[in-house]
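Both of the next two complexes hold subunit A, though its partner changes from subunit B to subunit C.
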Partner chain A sequence: MGVIVEAENKSSSILEEAPAWDASEFPDWYREMQESAWEAARALPLPRAKNEPWRFANLKQVAAVGDYVAAPPVDEETARELVARSRMLDTSEHRGKLVFANETLVHDERPDEDGGLICASLAEAVTTHGQRLQEYFMTQEATLGSEKFALLHKSRTRSGLFLYVPAGMELTLPIEVYHYVAGHCASIFPHTLIVTGENAKVTVVDYYQSASEDEAGLSCGVVDLVAGQGSQIRYVACQNLSTRSANIHISSTLASADADVKSLQLQLGSAWSRTESVSHLSGKGANSDMLSVAVPAAGQEVDQRTLQHHAEAHTTSDLLYKNALSDRSRSVFAGLIMVDEGAHYTDAYQTCRNLLLSDDAEANAMPGLEINADQVKCSHGSTSGPITDEEIFYFKARGIPAETAKQLITFGFTAEVLAKLEQPAIEALLSRLVEAKFEKLA
Partner chain B sequence: MSAEASTAIDIDRSVGDFSYPEQHTFDAGTGLTPQTIDYISDVKKEADWIRKFRHRALKVFQEKPMPTHWATKDLENIDFDKIRYYLSRGQQPTRSWEDVPDDMKETFERLGIPEQERKFLAGVEAQFDSEAAYSNVKESLEKQGVIFVNSTEGLREHPELFRKWFGKVIPTGDNKFSALNSAVFSGGSFIYVPPGVKVSHPLQAYFRINAENFGQFERTLIIADEGSEVMYMEGCTAPKFETSTLHSAVVELVAMPHAKIQYVTVQNWSANVFNLVTKRGMAHENAEIRWIDCNIGSRLTMKYPGVVMKGRKARGEVISIALANDGQHQDTGAKMIHAADETTSNIVSKSISVGQGRATYRGQVHIPKHLKGCKNNTECDALLINPKSKTDTYPAITVRGNQHATQHEASVSQVSEDQIFYMKQRGLSEAEAMSLSVNGFVNDLVREFPMEYSVELKRLIDLEMEGSVG
Partner chain C sequence: MSIDIRDLHARIDDQEIIKGLNLTLPKGEVHAIMGPNGSGKSTLAKVLSGHEDYEVTNGSVSMDGEDLLELEADERSRAGLFLAFQYPHEIPGVSNANFIRAALQARLPEGEELDAVGFYKELYAAMDALEMDRKFTGRAVNEGFSGGEKKRNEILQMAMLKPVYAILDETDSGLDIDALRIVSKGVNAMRSQDRGILVITHYQRLLDYIVPDHVHVMKDGKIIRSGDKNLALELEERGYDWLSEESAA
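Our next item is the complex of A and B:
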């Protein structure tokens, strides 16, 4: 690949050096906001072991965030190559495609902005849709431990998608957004903001990838889904960074009355991935499904924190996180269902299942509930265990060898989650990606 | 059930709500300094190593911060400088109720202890503030070598038995409150059951706080030697004073190979007691430790009985019932540390939140690497009675390796209108129906308690539920 930067120089660490704001690039309000976010980020300490949101977390990986530097621009050849690689869904299966390489838009294919639709890169939106953007930009505070990283993101982000779907508009095919990080120790801060008006419908897929499998990169992304009344959002974050990389992904869902949001995280790459996902159910009839599949292997670690916050009565949420752990991999799941006073008739479920495929794998689960209202139906369940002998026996009795049986069982284990998205084309794509990772393992 | 805010609930702790004037010969005063500790050690005429142990513990206590980064901020309302750490009349516990001072005797008579002893207990110890007033064990057991004494006597008379395990299951620095207990402990039971002896009737300890602003810090150590069996029961009450009271016990259990210990607690402290207790057992090969725990009283209880399964095929179990009423926070749970192959643990926790009460389950299950065939099952069910009732669940489960199985399940529910309607159709009042439903919810756990206790428990639950409907 084209770019290689010597990055061992601590002084240019993203935790130490102020971002280089280009006064000509963005309007004043944006730059000022980023400057104050930088001050605020600097003022916060890095997470420590005693911080409850970082219980069981790998703090070495947290500290290593300071090893990353600002990403340099990519050269044209690299950009072309990355665009050529960005073909997850067929052209007939998507409605738009944006490709960012080190936060620069290098491919731009999107629906026309008719009838009030805004579909713009963040940089463009800051200039042309400033007012609309400000209304929603980073209004959901990070609360699950990554406050510092969210502020860091806010101080540096200049790429990603701003999508505003006006009332009644339905975009049936997904919009794909590729975020590449290129260069050794480079960092990107991709942003996704989706706002839907009444009864609008939209699907978006984010891909987080490395330009080279040999480089260690950092992606520190923030995703905010703001679902208006009766609207529908389907969102997928597909993380397949190089196995030396780090991923921090902070996402929130705000569901108004009768809104229905399904979001799915697929974790394939990176050495360490910390995801924080919050759903706020703020109107009667709101629903949020939170789904995740992770298949860590070798020494990979996934660290998942979730919150299902029911602020209003008659709201529902359903969380299903599945981790299939090979080799020396490790998972941490900490989930909380919080039901506010007065949020009666809440239906909330939370399930975390860890499939331990190796004797060196480790699974930590902290499924939590905080219920401050009655007339609720809440439950959580968490299981950790291996594939049982009975399951293998079932297959062997039908002439399928044990090894194949294990693969089938593991694949079936993850397939259940992918199917819940109810998006056949995306489901098929994600299945292929999971399968490809399993094949690499076998 | 109605969604109306509940009317204030009358908490019936009348049985335990009385006190006698204080007549203490020994009083360590208020506040905690090294002099307090020397005072306690002097009164008890303790060996030097115990005095040193206490002083070290005081340092640890002072250095450790309050665990408020995860626990409730209510802990900050404890003023350690206003607490009285040692109160006693200095006398040895008597073996006959005749010799117990009248006011103490009356206290325990009113609580029904001597009567229970006659009926079904193998041994009783009754602690009044800092020291035991009465301690007796059936002669037949004594002949078999069963030792049942208070902590002072245990350390003085049987150091060869107790020193080996004292402070080993729960080290001083385990948490701030175990350190506090290690510094100022007094009272509690030291029990030794020799190999093969099966104590058929329960041993009972009864803890009573009589003085205002007093902190009770009993220390219990039970050792069940190879193949022996014992059941221990404790009960607690205190009168309702204006200011809050602190109870901070340390209970250590050691089950040698093939031994079985059951530890039953019915905690009914008055609603101004901070009840911060550390309880842990160590189970050797094929041994079994069961904590059967019921928390009805106190202002704040923080108690997570644990079992360290150290030997192959050891078993650990926690059965827990918590009832949180207005002004109460029952923060209970369990801790299961698997440290050997084929160890199994089971946690069943049921909580009921009434009025504005808050019930919390906090759990930890740890299955480390390179072990085989460990199993854990955790079930937590919470029942919410009123619209402002609260419940939380915070388990933490760590599993390493692919030769174990854990499962955790929790649910939150309320008594369904259908159930109540069904019973009302058959002529029960709403209150009766509610009480029946709640008792049904905990019934399978209540049965784990000894008969006499389960009857009492049902009565207590009924009392707590009274007036909570409507």
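Our next item is the complex of A and C:
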């Protein structure tokens, strides 16, 4: 994408200009926290090629983060139009829906805050649930390379969801949150914080989208999932920004004893998408499934960094990342399984599969293991390859044309991951989105 | 109406495997091909079904008068040719039901949708006839199937696609005794005046179940002997060596 902003805009770059904090909008603690985050972000250099977490990364795209500016407010008509467009799941299939346009809440439909439930936009929670929020807000530091971007996020974020599900409460239907970025070179910093009490259950879907396919925007999001004992979190990040956009997504899962978290990243849009996902398994019986599907095409790039950190004995994690790469697209996967001393009886799996649909596509995979405990079952593996002629021949021998065969194989390749979420309505929705992208390619 | 193979020569990687083969498979008949390992039986099956790794250097193949060699593999299949593979390929991620459905859909005119309810009804009936568990509809095509399950799955596809001509490449290998009986029953149910079937096998036993009208012996890329079903019995007893001695003489 290269330099996308006129030179005169350079001064208002989100990397150069301090955020415009409105003293009346947020309480002191929040503003002070943002101010010090800004100072800290300023003090850190942009990532460089020699930094290990940025091996194989496209540093031009990293530098281009400086081309983005603060998002302007959206006008009412745009807001209305974006809300009208926000219909991924049927009304009968969700429990709530929040829509943010350039970080302003423009649609607000959520469960009542009964029985200790907190389901609020971040801006509201800062004021009305400050204490609860402070307890969990960005307590997980980014460690996979995007420290600067995490601080930048912290200094600017004002939108997204704070969801606190008290012990025993089960929200069976998902809560949907739409994050739109509108305007050329606009940037948004959507935040998602989900905290579950003992044995609580919840499902949340974040959609990251552009108001216009013609505009380049930046989404720099942070997601923290804090799963209490025996609780269950299902989380989906569905990124479908315009293909000129950039996406940075920093997520962490903290799973207590017997907590079960499944999170899935679906990468459809943006020119460049950097995702950093960490799971900390911190209590006996904790499990985290980390799933991802990306279908980059044209010159799109996905850059994926993961950590499965087993801090306690008898914990499990299972990572499955699949990329189906068309045209000149590119993927980077770097994953590490880290088993602490004493984290015996860990079961940890890590698989990255790349399906190369074109000779010009490029996949880089760097799986890793660091085991400091005994009685551990760990495996990691990555595969990269095209659809084989023998596979195609089997289809053709049944009368199915090669093009249809490729679509079915590719679709099947991604479907396996989507099915692991075990959420039929969401699975069907994500399948449709993947299918729509393939149709656009064909 | 028949498949007619005349003086067929085919090679792979500059190695000639089929060396002047003649064979006629008329509708309404079952023919068996037997022959030693490496004689080119599977190669013949793949050449007929249009595998692109093989190059036909000479000869002709027609199917009901149509030049088969002019058609792409998928066109041959849609024209009514079926191959049950000796080693069926595994297709991860594509369910058996969706695969067969796509094959049937490919046979419909543009814009016409396969009737899903009717499809499943027919699929379940075919699976029941082959005593296949329903769980095989949802499983990925051949993935993790046992050897025998894969072979049964090939016959399921044949039953669903109802080809005019079918080539079964060692469908009996890997089947247990009961499965052999069930699968043979499935094949026999498909015997008809409107269908020609070519079974490739090493074992005379199969031919007790699927009784052929003609038996051919293939060796070194050619048919070197043809006869009735008694030829298979003779081969069982004497092996193949006496044939090459005779033909050399």
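Rule of thumb we're sticking to: the second predicted complex is superposed on the first by the 434 of 442 C-alpha atoms of A that agree within 3 Å, B and C clash if a C-alpha of one lies under 4 Å from a C-alpha of the other, contacts with A are read in each partner's own complex, and residues count from 1 in each chain.
Going forward, a contact is a pair of C-beta atoms (placed from the backbone, for glycine too) under 8 Å apart; a residue touches a chain by one contact, two chains touch by 3 or more.
The model shown is predicted, which means the values in this text are computed figures rather than measured ones.
Participant: Label the relationship between subunit B and subunit C on subunit A in the superposed model as either fit or clash.
Facilitator: With subunit A as the common anchor, subunit B and subunit C both fit in the superposed model.
Participant: Looking at the overlay, does A:400 come into contact with subunit B only (first), subunit C only (second), both, or neither?
Facilitator: Second partner only, subunit C.
Participant: Per the contact definition in the header, classify A:173: touching subunit B only (first), subunit C only (second), both, or neither.
Facilitator: neither
Participant: Of the two partners subunit B and subunit C, which one touches more residues belonging to subunit A?
Facilitator: B
Participant: Determine how wide the angle is at the CA centre of subunit A between the CA centres of subunit C and subunit B, giving a multiple of 10 degrees.
Facilitator: 70
Participant: Between subunit B (first) and subunit C (second), which does A:415 come into contact with in this model arrangement: first, second, both, or neither?
Facilitator: In the superposition, A:415 touches subunit C alone.
Participant: Just to be sure I read the superposition right, which of the two partners does A:390 touch: subunit B = first, subunit C = second, or both, or neither?
Facilitator: So A:390 only meets subunit C here.
Participant: Between subunit B (first) and subunit C (second), which, if any, makes contact with A:311: first, second, both or neither?
Facilitator: In the superposed model, A:311 contacts neither subunit B nor subunit C.
Participant: Subunit B and subunit C, closest CA-CA distance after overlay, in Å?
Facilitator: 15
Participant: Of the residues on subunit A, which ones does subunit B touch that subunit C also touches?
Facilitator: The overlap between the subunit B and subunit C interfaces on subunit A is empty, containing no residue.
Participant: For subunit C, which residues count as touching subunit A in their complex?
Facilitator: Interface residues on subunit C, with respect to subunit A: 49-53, 72-74, 77-78, 82-83, 85, 88-89, 91-95, 98-100, 102-103, 106-107, 140-141, 157, 161.
Participant: Can you tell me which positions in subunit A touch subunit C when the two form their complex?
Facilitator: My answer: residues 389-391, 393-402, 404, 408-409, 411-416.
Participant: Flag every residue of subunit A that touches subunit B in the complex, lowest number first.
Facilitator: Residues of subunit A touching subunit B: 50-52, 55-56, 341-342, 344, 354, 356-386.
Participant: Across the complex, what residues on subunit B touch subunit A?
Facilitator: Subunit B reaches subunit A through residues 3, 69-70, 369-370, 382, 384-414.
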